[in-house]
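Chain nomenclature is as follows: A, B and C, assigned in order of appearance, with residue numbering initiated at 1 for each chain independently.
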Amino acid sequence: MTPLHLHPDRLFPADPRTRDIARNLFAGIRDLPIVSPHGHTDPAWFAGNAPFPDPANLLIVPDHYVLRMLKSQGVPLEALGVPTLDGSPFETDPRAIWRRFAQQYPLFRGTPSRLWLDYVFAEVFGIDVRLEAATADLYYDRIAAALATEAFRPRSLFERFGIEVIATTEGALDTLDHHRAIGDSGWAGRVVTAYRPDAVTDPDAVDFTANIDRFGALAGEDVSSFAGYLRAHQSRRAFFRSMGATSTDHGHPGATTADLSAADAEALYRKARAGRATAVEAELFRGQMLTEMARMSIEDGMVMQLHPGVHRSHNPHVLARFGRDKGGDIPLAGSFVDALKPLLDAHGSDPRLTLILFTLDETTYSRELAPLAGHYPALRIGPPWWFHDSPEGMRRFREQTTETAGFYNGVGFNDDTRAFLSIPARHDVARRMDCGFLAQLVAEHRIDEDEAHEVARALTYDLVKQAYRL
Amino acid sequence: MTPLHLHPDRLFPADPRTRDIARNLFAGIRDLPIVSPHGHTDPAWFAGNAPFPDPANLLIVPDHYVLRMLKSQGVPLEALGVPTLDGSPFETDPRAIWRRFAQQYPLFRGTPSRLWLDYVFAEVFGIDVRLEAATADLYYDRIAAALATEAFRPRSLFERFGIEVIATTEGALDTLDHHRAIGDSGWAGRVVTAYRPDAVTDPDAVDFTANIDRFGALAGEDVSSFAGYLRAHQSRRAFFRSMGATSTDHGHPGATTADLSAADAEALYRKARAGRATAVEAELFRGQMLTEMARMSIEDGMVMQLHPGVHRSHNPHVLARFGRDKGGDIPLAGSFVDALKPLLDAHGSDPRLTLILFTLDETTYSRELAPLAGHYPALRIGPPWWFHDSPEGMRRFREQTTETAGFYNGVGFNDDTRAFLSIPARHDVARRMDCGFLAQLVAEHRIDEDEAHEVARALTYDLVKQAYRL
Amino acid sequence: MTPLHLHPDRLFPADPRTRDIARNLFAGIRDLPIVSPHGHTDPAWFAGNAPFPDPANLLIVPDHYVLRMLKSQGVPLEALGVPTLDGSPFETDPRAIWRRFAQQYPLFRGTPSRLWLDYVFAEVFGIDVRLEAATADLYYDRIAAALATEAFRPRSLFERFGIEVIATTEGALDTLDHHRAIGDSGWAGRVVTAYRPDAVTDPDAVDFTANIDRFGALAGEDVSSFAGYLRAHQSRRAFFRSMGATSTDHGHPGATTADLSAADAEALYRKARAGRATAVEAELFRGQMLTEMARMSIEDGMVMQLHPGVHRSHNPHVLARFGRDKGGDIPLAGSFVDALKPLLDAHGSDPRLTLILFTLDETTYSRELAPLAGHYPALRIGPPWWFHDSPEGMRRFREQTTETAGFYNGVGFNDDTRAFLSIPARHDVARRMDCGFLAQLVAEHRIDEDEAHEVARALTYDLVKQAYRL
């Protein structure tokens, strides 16, 4: 068996002097609490505090990074325990799933999944041998045993991980019962929601019309008019804020925004609600709603997040057989400069608004996002997202945004994950990469070391809380 | 107070052996004269040699990099002393402006503005403490006192900076009185102009028709026909050459070129001049004029520069309140391969033509500009421009263009600035980054050290003079 | 005269500890045989085993990298011995060509051509002084003398280079006589062909209709129907497989694919064959043929390669005067996500298919190719191609693809060259750059050293043979 060892200098630059600086910077921030302002953990975990399931159903089946890599090398999702929508057979023996995964673990060399998983294995579960076919059962047994203990229940891990606050993401139709239960439980952990209204702002959403009916009912508003529909948003936003939300989140195909006249918006809404919007009109309606959300944010103080540019479920066979979020999403080329103009013309210079922009198209970092966020008071650049939430991705992000936007037009790190156990690992990677980048600036005499300490702390903690108003 | 110290090894790679090589390379070029073949300094400075104004109006109010960053963090341009077009109030106390800037100086960490400004403070003004709120007045007083002395007048600084030649940029309608005055003054400083005809080649320019009338009058040509209009260009170009110009410069929305028949060009000109060109026709006319300018360059030897791909004044509120060039310009995605083809088909293989291409879209470096400049004798790649005139921007430029275009299809460095005091700082950054890049090639045994010395000198001096025919 | 010395640590990272790791990794793979699964060497060389011509006609005249750089700096192709199509004069004295090249050798500083050529000079010909004007004749004489010896005949070099297998590329109309002759000769060298059917799948190909007639005749199929035309492909593919082919190759303007109904495909074929296809229909037909080729590959096991996105012969004057492949090709922006969907919807999840994607648009590495290959079992990412087959190009490739696609969704290295003597140089560069990248991962504790050894071997040898089924 090969030892598994998380080296204390991991991810720091190799040059010894630069590494020393990175080490010093990291020492100053490594123990700061985790602030997780955007992600997809399940509030039910913290409400019910039930034990997590077996190793495979905790760490493999729900991890779309793991699924996509294994599928790309010919392992069918059925063999990895992903439930089929039509009830056709899939692997239900978690140990068999785990063994398959262990055998393929070399595929993850050089990927962030490998870093995150090794951290979970070593730091969270205390395992000190490398995962491979020969250690699959040892791993399975050790993890399964740990999960059965009180110390590995969601709330215990939350506390052990040093999470100061975590945001989940719920749709506009969610009743937030789990958040209410967490609040009522007397547990001190801070779990807040975020308002993600795509199901009622995107005419292409499944069941859009029915969603709006239900939305109106939940809000107690007559949504037959656009004005009533907007009031319903205001009402739901207020309800989400009462459950701790400080932010909204919008997952759109592109960054299109619009700022129509009241009459045009009303007509467009009625058409969309009737299910008669063309593709162009659907895009226009989504764009109009971003501007409406910006207006509401100026009123109620909620921070907006825009996550555009994904071709969801690119593989129709995976969608049909297993559903969404199974590793078949592919980035699209992005474009912000013209797309955001209607919203920016209306509200981009308003310092009360914070709109955080994410991208999967790295070419927009230096060409669009840094110049835009380096000018408009309302704009901030979100951290490297999804495929780019990785050491090289973070390096490129810092190299390509900092010179034009500086550090303070960013918002620090997001883990953006549903993989709860990996949260400390992800923050560890981000903190180390930021310290490495800053160490290089110090080693090249581009900033002073005292400043780098301040920036490292800002990127890890201060800026996150400030940007997300947490 | 924190010391301010420009480290002699700043911007060099951290690895000690590579740094040694960079240091040696830099020692060979650091004292070469500054050749500044493209920029926007004001010839009136050198003609009149009046003292510069106060610190704020010298270093902050006219610096669009500084304005954009401060605005992005919510500091209104009024508070920074930017004059309003409608006469509404703006800060007029330069010390108050300076204090605001000093307080926000940490925003510039990691940006080139920080590098340039620290150089100006330390090297030009001899200040040895860091700028922060507590040292704002010390800075203000020291800089103000220096500016009142003979040694800080424009011509003294020009000489102190070791400028061998500097090019300014003037519109086709400029009478070049300041250049004439400089020539007549007997002062030895070489300040040349460059011909920027956008106001009479871009149908979308403000007052286009009136501009052409005035253009014809200045040139003494009947501009009612396209032929007459072209003769007016020839005449103005000759006049600019008599004031030292060796280059033209073209700031277009894109890189579109055209090569119409004489009849089509004539018809298009008449329509544009009459103010009836559609958006497509305006673009076509700009494109036609690039090809006409290329033809004239082949005749008269003026080097062409193309600076395409900026969405000027993206923020309409800033434009309306403060005018152009206030930090609200945003890059656009670029494309050269098809766009340049008409011009290249006509003149791209003519070694008498030099057309220097700039871009704000870094994706075009390796995909388009290096392959094009690595084939067409007429093409050269300009240095990293504007948002990319920075350490990481320069590193990416070298990494992404050198392998396909080599060093000698570039043109060395441009400072492209109106911030006169920062010119030595900008050349210092470029020289250091080039030496660092070359040092890495030497350390990795990709070129020999004697060659790196030659290339460093070429990039700093020889290639600039040769490419711009200075 | 300056010494020429290939440093044993060339291309390794400068940091001493990282370099040590790279050196160790390289020691483990440097002597592995060369597997060259895709390229353009001439099978006639190995069939006839005649001596190569003079130095200029071996190393300069056919090298489009060399031609483009020299032309970009004003050296006419005529002066470099490139034959004119119209018989107008061109340099025929190889020594004169060689001297011109030697004089311009500094242009290649920082380019991969320089690395490849220096390797050829030092390792293949044993020259130990640098090429420059003063050593031009020494070089010419040494190389000419060597080429006259038995040791420098194609088969001797093949063996000396340690080539285990090399693939050439032939059109669908090729009769593969040289491959047959090699097979019949009893020589042990393994030279296989690859099936490149562009001349009969691209309606924009020169003589498309006549090509199809000849194609049908060669295959003995009635190609008046689409079904017959497809059978002709099956027949030719079988013939190519009998000459060792394990792969097909497709050079298309873009990555468009299509999956039409049988009736629509039939109609489109008939229109294309009649020479009446519009530009859109020609693109659709090429796209349909990629999907047809994928279907055949699933049947017969041939690996597909797609090389899209080149504007061939961008300079019409070079095309008219000298023909194709003379250094006037320019990359185009690429896009795969929508373009490949028809093929992927049909066959992307079939693990029997291997489709290797190449690109000249590096922005697609992290945005499109790595996500696609990191999901679809049928997709693999080809190595950095053409303009990007260079140290920095390889570094960017690894940095931008590995984190999403891992190492094992790549296919190792391709030399893709017709410059036979440079093949060891190119593999040397690739092996060194891979070892350097892996060394950095090890130095930053992102993978363990034992794993890096395994990956280095995979990238050099195992993965190439597996991906190309060699």
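General observations
Going forward, a contact is a pair of C-beta atoms (placed from the backbone, for glycine too) under 8 Å apart; a residue touches a chain by one contact, two chains touch by 3 or more.
None of the values given here were measured: they were computed from a predicted structure.
If each chain is drawn as a node and touching chains are joined, the picture has every node linked to every other.
With rounding to the nearest 5, the Cα superposition of chain A on chain C corresponds to a rotation angle of 120 degrees.
One simple way to say how far apart two chains are is to compare their mean CA positions; for chain B and chain C this gives 40 Å. Counting only residues that touch two or more partner chains, chain C has 13, 15, 363. On the chain C side of its complex with chain A, the touching residues are 13, 15, 17-18, 335, 337-338, 341, 344-345, 348-349, 351, 363, 366-368, 370-377, 379, 399-400, 402-409, 440-441, 443-448, 450-451, 454-455. Interface residues of chain C, counted against chain B in their complex, comprise 2, 6-7, 9-16, 68-69, 71-74, 106-112, 114-115, 130, 311, 314-318, 327-333, 360-363, 387-388, 390-393, 396.
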